[in-house]
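Scrolling down, you'll hit the structures one after another.
Two complexes are shown next, each including chain A; its partner changes from chain B in the first to chain C in the second.
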Partner chain A sequence: MFETTGKKAKELLAYYQAKLDEEAREAKKNGKLVCWSASVAPSEFCVTMDIAMVYPETHAAGIGARKGALDLLEVADRKGYSLDCCSYGRVNMGYMELLKEEAITGKTPETLANSPAARVPLPDLVITCNNICNTLLKWYENLAVELDIPCIVIDVPFNHTMPIPEYAKEYIADQFRNAIAQLEVICGKPFDYKKFKEVREQTQRSVAQWNRIAALSHYKPSPLNCFDLFNYMALIVCARSRDYAEITFRRFADEIEENLKNGVYAFKGAEKTRITWEGIAVWPYLGHTFKSLKGLGSIMTGSAYPGLWNLSYDANDESLHGMAEAYTRIYINTCLENKVNVLLDIVNGGQCDGVAYHLNRSCKLMSFLNVETAEIIKEKTGKPYVSFDGDQTDPRNFAPAQFDTRVQALAEMMEQQIAGEAE
Partner chain B sequence: MSKYETILSQLKDVAANPKKAMDDYKAETGKGAIGILPLYAPEELVHATGYLPMGIWGGQKTITKARTYLPAFACSIMQQVMELQCEGAYDELAAVLISVPCDTLKCLSQKWKGTSPVIVFTHPQNRGLEAANKFLVEEYKIVKRKLEEIVGEPITNAAIEASIKVYNENRAVMREFVKVAADYPQIIDPVARHAVFKSRMFMEKSKHTALVKELIEEIKAMPVEPWTGKKVVVTGILVEPNELLDIFKENGIAIVADDLAQESRQIRIDVLDGEEAPLYRLAKVWQRMYGCSVATDTKKYRGKMLLDMVEQTGADAIVVAMMKFCDPEEWDYPVMYRQFEEKGVKNIMIEVDQEATAFEQVRTRLQSFVEMM
Partner chain C sequence: MYTMGIDVGSASSKVVILENGVNVVAAEVIQVGTGSSGPQRALEKAFEVSGLKMEDMTKIVATGYGRFALKEADKQVSEISCHAKGIFFLVPEARTIIDIGGQDAKAIRLDNKGFVKQFFMNDKCAAGTGRFLDVMARVLEITLDDMAEYDSRATEIASISSTCTVFAESEVISQLSKGVSKENIIAGVHQSVASKACGLAYRGGLEDAVVMTGGVAKNAGVVRAISRELNREVIVAPNPQTTGALGAALFAYEEAKR
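Then we have the complex of A and B:
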């Protein structure tokens, strides 16, 4: 039994991440079900049914960060996947193909044996949700067909008009009920509604601690660099419906609050400028982007990306409309006006001096409105911005030199503006 | 010029001059036009207003202005639409109707640069559920209300029912045309075939139906000649510009069936008759749609559908016309490709870029593909 008392948040993070993969492998070994899930698909149903969960996006991000993406991208390439398809998806399809080959031949393909990827088992079912893109529909269609397994779809229609209408919530809640029926068939047992309520409550406790961490970047100087959220994000994705996330986030928030109380800041007093990073991290170059900004004295105190998992809802609401709303209101699933308002809160909340927009070759939804978003945010805040080309997991689409030049320019503009305000 | 040639030339003119088609319609009826973006919309509602529904499927511009608003990795068709928006090409439209079945269209729906009002609606993707139909009815109610505001008068159920009849007939006639085109490739070459489809985007549908009916009659009066070239089924978003279709023609390739979003996918599903209200029956069309990359299908029937089409038409091969940077289509491809290969059906992928002016690569590839067959 792992003793959590006295452990640092960082240790808890590493422990639980490894534990989740181990649980999935154990489940497979013991003939229990394994589900691959989209990162912001509702986890509540499968967790209620005691299904082991694997999150391909987090898995792919980990592979990217460990410099193992290229080998798997090549496997996907050979299968006919265009370089234009999302690199998370391609890494995952490549990984799936290797696992499948291993399962069929009984031999571990060399690429798989040499991959730094965390070993996860093949799924028995998949669940997807398009609240962060429609690519997740296409990707999971392919997983389901290539593995001949069931696919649960939670469709959250794009909210072209806000607030979210009741009929949309009703449609999503109906799908929740349908997913329950599907799971009862897949698992061969009735759905445990009492446990479902507990899982919803657990999810809310995890989300509350997650939000508690995110709010700590509002202090100036900041005790938190939001780059840390990119790391801790693994658990809000993979374990928000378990206590693993809550325990880890509570510890991390406690640590930061303690630091704040003692005047210990992320940049040890050398925080020159504060930025919002809009978009997904560039995982293969996470270290580079972090160091490059740090070298400029620029701290990340705003990022809307971790906010995707601000899935707060009323756990007592049996109509599930609140839960439906939480899963559909993700800012990139809403109209431009709402998207801008969410980002504006991030920029203002983090007391940011500027914004860096990631023009992500892998993510059309998080890129094609960047120009409009940036212009409106600039108009409303007067803060400068830059855009850089990148990719979440395909290292070929990111040029460190371009990134450095762009963030240097941003730092100069921010410093100039701060100096101007001081005069 | 024979009668069928006259009709074809008329349809080709409309396909090539949408602006003129719109101006003529306005002069004739005193009513305006409403733009419809890809891929699917309840066009019957627009037709019921008396306004002319105009398809907006890109063009053949050199991209300059659009670069400011879209990175190079946006699909070719939306680059074109953005370029044309920036030029004010759509500003005479009374409104523009945009559905958002892919991530690119979600973004495009939020950044229209023209002056026409934009009406956005979302298709549900969990299409098997009755809840999805109900959701779509609510979306269509909003579309209807906004259209009524724009045209300044209510759209009656009687008018919608009449439009449904017009559209069902047009779809049925176009499905027949597809068969006739397959039987008479000497007369309906790939460019002509495309023009018949494209012109339906810029014409009042009953007029289009009448012309196509006449065309079919004229052609069917002639004897069916044996085809010495090759026959293919084409799948994708669209095959444009005409220079690309000319390559098919040059190489003796007849298109005997298509699964193009701009062509046969538009005529695949009719609105069913029944007691239910027209908006509900229009919504059901989306539920019954199949074989399209933006209509979620966890069984991925599209590959099998294409293989069936090959069998039914006696086609020699499948041509995948891949719209550049269209990720829904790109995600379908690896599964379809595997299925074609497993069945031993010859297939080739060619890239479609509306901005393209040089076609040597496609020419060489299609040439050697035909030789290989």
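Then we have the complex of A and C:
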């Protein structure tokens, strides 16, 4: 039994991440169900049914960060997946192909044996939701077809206008009820509504601690570099409906608050400028992007990406309309006007001096509105911005030198503006 | 007091030595860039021309893609800020800069004090850069220096894609096989570079005076095409390859005065 008392948040993060993978492997070994899930698909239903969960996007991000993406991307390339498809999807398809080959032949393919990927088992079912993109539909449908397993789809309409209308919430709540009915058939047992309420309450406690951390970057100087959120988000994705996330986030927030109280800041005395990073991390170059910005004294105090999991709702609401709203108001599932408002809050909340927009070759939904978004934010805040080319997990789409030039120029523009030299 | 700016680009190395922040005593270019003997040779040439030594330099600022590889530098500044600085020094009325180098094309908007208001650069793509012209010159079997001359004799502008260097290369080959004159094809190639660069310039909100710099500014054909595309006069910066290094030398001077 792992004793959490006295452990640092970083240790808890590593422990629970490994534990989740171990639980999935154990479940598989013991004939229990394993589900692969989209990152912002509701976790509440499968956790209620005691299904072990694996999150391919987080898994792919980890592979990217460990420099193992290319081998798996090549497997997907050979299967015919175009380079224009999302690299999370391609890494996962490559990984699935290798697991499948292993299951069929009884031999571990060399690429899999040599991969730094965390070992996770094949799924018995998949669950997806199109609240962050529509690629997730085809990706998960393909997984289901390739493995001949059930696919639960939670369809969430795009919000062309805000606020979200009641009929949309009712439609999504119906999707939830439909997912529950499917799960009852797949699991061969009735859905446990009492446990479902407890799981919703747990999810809310995790989300509350997650939001507590994010708010700590508002202090100037900041005790938190939001690059840390890129690491900790593994648990808001994979364990928000478990107490693992709550325990870890509470510890991390406590540690940062303690630092704040003692005047210990993320950049010590070297915080010169503060930026918002818009978009997903460049996982294969996480260290490079972090060091490059740190070298310039630019701290990330704003990022809307970790905020995708700000899934707060009323856990007592049995109509599930509140939960439906939480899962549909994700800013990339809303109109430009709302996207701008969300980002404005991030830029202002983090007291940011500028914005760096990741033109992510994988994530069209997060990238294609960047040009328009950037111009509106600039107009409203007067803060400079840059855009850089990259990709969340395909290392071939990112050039470190080009990134460095752009962010250095941004830092220079921000410094001139702070010094009151520039107009 | 002498200060130095060194711009180590992808295709060339440039050094400017400045006296008291005003007089250029050396401005040298070697046509090979980062990772080559270029930076060292450019330094040696600048010292030879000026009769100065490394010890005479109060401060040195490096810029360009190879800016972090130069151990002599006291500071690194991005080429965006350096071009802005250098151009504003030479042409104080400049408000829009179009800089086309070996692997970058950028448009920089300046405020009234010469600071960078906003800038836009090419995506991860060679179309519209100096490399694009290199590739086309090779296919057309002429030298880069001759391109402007050919362009001036064009009777029509052939249509060449601005989306991708490889696509454009195929188009050039196809136009050649159809018997279209090299002159007209080159005018098309220049138009293609211009349309890319002008797209960036329009994004920043175009304002006069428009100044062109970078190695490609030496190609009068591209300058004509940009001027035509923007429908306004385009000033070519004096000694356009060295404006980044000049800006770096000016930053070094400011640093030395602190």
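As a convention for this text, the second predicted complex is superposed on the first by the 420 of 423 C-alpha atoms of A that agree within 3 Å, B and C clash if a C-alpha of one lies under 4 Å from a C-alpha of the other, contacts with A are read in each partner's own complex, and residues count from 1 in each chain.
What we mean here is this: a contact is a pair of C-beta atoms (placed from the backbone, for glycine too) under 8 Å apart; a residue touches a chain by one contact, two chains touch by 3 or more.
Keep in mind it's a predicted model, so treat the numbers as computed, not measured.
A.B. asks: Following superposition onto chain A, is the placement of chain B relative to chain C best described as a clash or a fit?
C.D. replies: fit
A.B. asks: Report for A:Gln402: first if it touches chain B alone, second if chain C alone, otherwise both or neither.
C.D. replies: It touches chain C, and chain B stays clear.
A.B. asks: Once chain A of both complexes is superposed, is A:Glu421 in touch with chain B (first), chain C (second), both, or neither?
C.D. replies: Only chain C is touched by A:Glu421; chain B is not.
A.B. asks: Just chain B (first), just chain C (second), both, or neither: which does A:Lys378 touch?
C.D. replies: Second partner only.
A.B. asks: A:Leu359 in the overlay: touching chain B, chain C, both, or neither? Say first, second, both or neither.
C.D. replies: After superposition on chain A, A:Leu359 lies in contact with both partners, chain B and chain C.
A.B. asks: Classify the contacts of A:Met413 with the two partner chains as first (chain B alone), second (chain C alone), both, or neither.
C.D. replies: So A:Met413 only meets chain C here.
A.B. asks: Which of the two, chain B or chain C, is in touch with more residues of chain A?
C.D. replies: Counting contacted residues of chain A, the larger count belongs to B.
A.B. asks: Using the superposition on chain A described above, determine whether A:Tyr15 touches chain B (first), chain C (second), both, or neither.
C.D. replies: neither
A.B. asks: After overlaying the two complexes, what is the shortest C-alpha distance between chain B and chain C, in Å?
C.D. replies: When the complexes share the chain A frame, the smallest chain B-chain C C-alpha distance is 6 Å.
A.B. asks: Check chain A for residues that touch chain B in one structure and chain C in the other, and list them.
C.D. replies: Overlap of chain B and chain C footprints on chain A: residues 359, 371.
A.B. asks: Enumerate the contact residues on chain C facing chain A in the complex.
C.D. replies: 65, 68, 76-81, 111-113, 115-121, 123-124, 203
A.B. asks: Hey, which residues of chain B end up touching chain A in the complex?
C.D. replies: These residues of chain B touch chain A: 68-71, 73-74, 100-104, 106-111, 120-126, 129, 131-132, 134-135, 138-139, 142, 293-294, 296-300, 322, 325, 327-328, 330-335, 337-338.
A.B. asks: Within their complex, state which residues of chain A touch chain B.
C.D. replies: 79-82, 84-86, 89, 93, 130, 133-135, 137-142, 144-146, 150-151, 153-155, 157-161, 165, 167-168, 170-171, 174-175, 178, 335-336, 339, 359, 361, 364-365, 367-369, 371-372
A.B. asks: What part of chain A is in contact with chain C in the complex they form?
C.D. replies: 359, 371, 378, 384-387, 389, 397, 399, 401-402, 404-406, 408-409, 412-413, 416, 421-423
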